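By written order: A, B and C. Residues from 1 in each chain.
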Amino acid sequence: MNYLIDILLIAVSAALINNFVLYYFVGICPFIGVSRQIDMAVGMGLAVTFVMCIAAFLSWTVTTFILIPGALLSKLVAGFFVSPEAASKVDLTILSYIVYIFAIAASVQFVEMYVRRFFPALYKSFGVFLPLITTNCAILFACLTIMSHVAGVDNPADAWDLGRALTLAFFGGIGFTIAIVIMAGIREELDFCDIPQCMKGPAITLVVAGLLSMAFMGFTGVDSGLKKALKSRSVKNAALEMKIENYDVTSVPGTARAHMKNMIASKEHPCLS
Amino acid sequence: MNDSLNGKNSGKLRVKKNFMIQAWLVLFLSVFFGVSLAAVQLTLSPKIKANKLNETMKNVPGLLPGHYAPDALKISRRFLTAVSGGVKKSYSLFTAMSGKTLVGYVVKASGQGYSDSIDALIGLDASLSRITGVFILSQKETPGLGGKITDPEWRAQFIDKPTDRPLKVVKTGARASNEIDAITGATISSRSLCSIINQAVSDVKGILESNEKSSQQVTGVNENG
Amino acid sequence: MKMDKQPTPLERFINGILPENPVYRQVLGMCPTLAVTNNLKGAMTMAGAVCFVLLCANVITSLIRDLLKPHLRIVVFTLTIATFVTIVDRFLAAYMYQMSKQLGPYVPLIIVNCIIICRCEVCASKQPVITAAADALGQSVGYAMALASIAFVREIMGTGMLFGFRVLPAVWPDWVIMILPPGAFLTLGLLMGLVNFVIMRLSSTNDKHAGGTA
C-alpha cells in the first residue's frame, strides 16, 4: 500500500508539479520546434514517452547491476582479478554518462524500427524528428534523475527499484506530452493573431511557455498535501498502536503523561500528522 | 567491361579498407578516452568523496552543545531505520565523542517540504533532552519565502528547545517553550521543517532509548557522506 | 573538385558572437540557458564548461576529420563529447563542489546540447584545427554573452544582487518570479524579441543605404 502511495507521489510530481518542460527546462528544443500542430505534438510526446521508458529501463539496469560500487556483475568480473573485498569497491559510475547516451541512442533506434514497421504513415510524418529524439534533454534528464536516486543515495537501502524508475520515466513523458499539446493548441490559435515581426517564432513561444509555467506553479504543494492525506489515512491506526506501546507511558511523569494521552486522542501527535 | 569489373573489385577493396580504418579508429578512441577517464577517476574521486563528506561533517560540530575544535571530536556514523506501521524512514545518526565522554548527537533527516524535500541536520545533546541546533543541507522552497528557513537567525529559535513535547509553529509571538515563530508568508515551509524535526527526534529517541527496533550498524564512515 | 570558399578562422570567431549566436539566432542549447541563469556566477560557470567541451570536441573532431565516414560520425561525436563532459563534471565536483551542486544535472546535459553537436557537424568535421578552434571560441563567447545577458536581468530583478553582492537599494521589492521558471521563459522570450528587433533594424538600414547608393 505504501509502495503504491510512493508511486502515486512520484507520478504526480513528475507529470504535473515538477513538469519536465515547464519546471526543469528539459526538452525545450522539440517543445519549440514541434508544437505547431496538435497531432504532431501528440505523436512526438508519445514517442518521447516510449523512448524514455526504454532508456530508463536500460539505464536503471546497467546502473544497478554494473556501475555502482558493489554491483553484482562488476563484483563477479572483478572477483577474478582482485580480492572480493576490493571487488566490491569497484566504482564504475564515471562511465555512467557514456553508457546512458548510448542506451538512449539504442532505444531511439529500437523505437524507430518499431514505428517504421507498425505505423509507417506516422514514421513518414515524423521525418527527421525521430532520430533527433536522441538529443532530447528530457530523456537524459530522466536517466540522470534515476541515477541520482540509485547511485547518489547515502543509504543503499533507499535506492530506487525498477518500479519507481519506470514510473518516473513514464509520467515524466506524459507530463512532457501534456505540456507540448497545450502549447500546440495555443500556437494554433496564435496563428490567427497579429504578432509583431520581431516576436514571431521562438520568442513568442517562450513567452507563452512562461505563462504556462506560471500556471503550472499552482500545482506546487499538491504532493506534500497528497502525501499527508494518504499516509495518515493508511497508517493512522497502526501508528497509534505502535507509538503508544513505544512511549512507555508509565515512565513519564504525571502531567506529561496525561498531556500525551490527550494529544494522541485528539490526533495532534506529530506521528499522526 | 573488364575495367568496370576491376573498378568494382577495387571499390570493394576500398570499402573493406575503410571499414578497417573505421574500426581501428573507434577502438583507438575508446581506449584513449577510457584511459583518460580512468585517470580522472583515480585523481579526482577521493577529492569528490571528501567534498561530499565534509559538507555534512563540517556542520556537525557547530550543532553540538559547547564549542569544540573540529579535530577534538571523534564523530562516528550509523544508519537507523525507523519502522512504524509499515512506513520505513531512514536517518543517519552522527555520534560525537570527545575522548571518552559523549558530547551529543546529530541526526540527518529528510522529509517533504512545500516544494520538494528538505534535508536537515538536527543537533541533540547527550541526554536527548534538548535540541542544540538545526542546519538545512538542501531545500528547494520558494526563494525569498520558504527559502528563509536557511536563515541563521530564524534557525536560532530551535536552540535549547526541549524534546519532551513536539514543536509547534505559531504565526506570531511564540511564547511557550515548544513554540516556533513561522516565517512570514511561509507557514507551510516552517511547519514542514518542524514536522521533520519532530518526527526525527521522536524516532531517534525511540530507537536509542529502547534499542530494540531494527537498526543497521555501519562501522566507520560511508563513502557517500 | 572546386571547393566553395570556406570561412576563415577570424570569420568563424566573429560569426559566433552575434550573427550566428547559438542562443539568440540559432535557438540551440535552450535547456541550460533557462536553467542556470538564476545568477551570474552559475551562468558563467556553465559558459566555461561549455567552452571547454566545445573546444576539445572541435579540436579532436577536426584532427580525425579525414578518417570519419558518415555512418560513424554521430557515434564518434557522442563518445568524444560524453567523455569531455564527464571530465568537466568531475572537475567541478572536485574543485567547485557548491557550484556543482547548484548546477546539478545540467552539466551532464551538455552532452545533448545541440550547440556542440551542431558545431562539430557543421564546422569541425570539415575544416582544419585552427578554424575549428576559432569557431569553438567564437561560439563560446557568443554563448557566454547570451547567458550573461539573461542572468543579469534575472538576478538583478529577482534578488537585487549581482554575483552575490547586493547592488540595488533595499527599497527594491525582489521580483521572486524572475528567478523561478516562469521568469526564465519570459526573460529569454523578450530578450530574443529585442535582439530580433535590433537585427531587423540594422539590416533594414543597411538595405536602405545599399538601395540609396545603387
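What we mean here is this: a residue touches a chain if its C-beta (ideal position, glycine included) is under 8 Å from a C-beta of that chain, and two chains touch if they have at least 3 such contacts.
None of the values given here were measured: they were computed from a predicted structure.
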Item to complete: Answer with line, ring, star, complete or other to describe the graph linking chains that touch.
Response: complete
Discussion item. Closest chain to the overall C-alpha centroid, by per-chain C-alpha centroid: which is it?
Written reply: A
Discussion item. If I count C-beta pairs in contact for every pair of chains, which pair wins?
Written reply: A-C
Discussion item. Between chain B and chain C, what distance separates the C-alpha centroids? Give it in angstrom.
Written reply: 32
Worksheet item: How many angstrom lie between the CA centroids of chain A and chain C, rounded to a whole number?
Response: 27
Discussion item. Just the number, please: Cα centre separation of chain A and chain B in whole Å.
Written reply: 20
Discussion item. If a residue has to touch 2 or more other chains to count, which residues of chain C qualify?
Written reply: 75, 79, 83, 86, 90, 180
Discussion item. Could you pull out the residues of chain B that touch at least 2 other chains?
Written reply: 37, 40-41, 45
Item to complete: Identify all positions of chain A at which a residue touches two or more other chains, and write them in rising order.
Response: 94-95
Discussion item. Which stretch or stretches of chain B touch chain C in the complex?
Written reply: 18, 21-22, 25-26, 29-30, 33, 36-37, 40-41, 44-45, 47-48, 51-52, 55, 138, 142-145
Item to complete: Can you check the complex and tell me which residues of chain C touch chain A?
Response: 27-28, 30-32, 34-35, 74-75, 78-79, 82-83, 85-86, 89-90, 105, 108-109, 111-114, 117, 177, 180-186, 188-190, 192-194, 196-197, 200
Fill in: Touching residues (chain side chain B, partner chain A) in the complex
37-38, 40-41, 45, 79, 81, 84-87, 90, 92, 108, 112-116, 164-166, 188, 192, 195, 198-199, 202, 206, 210, 216, 222-225
Worksheet item: In their shared complex, at which residues does chain A touch chain B?
Response: 1-2, 18, 69, 91, 94-95, 152-155, 157-158, 220-221, 223-224, 227, 231, 234-235, 237-239, 242-243, 246-247, 256, 259, 269-271, 273
Discussion item. Which residues of chain A touch chain C once you look at their complex with the stated criterion?
Written reply: 22-29, 32, 94-95, 97-98, 101-102, 105, 134-137, 140-141, 144-145, 148, 196-199, 202-211, 213-214, 217
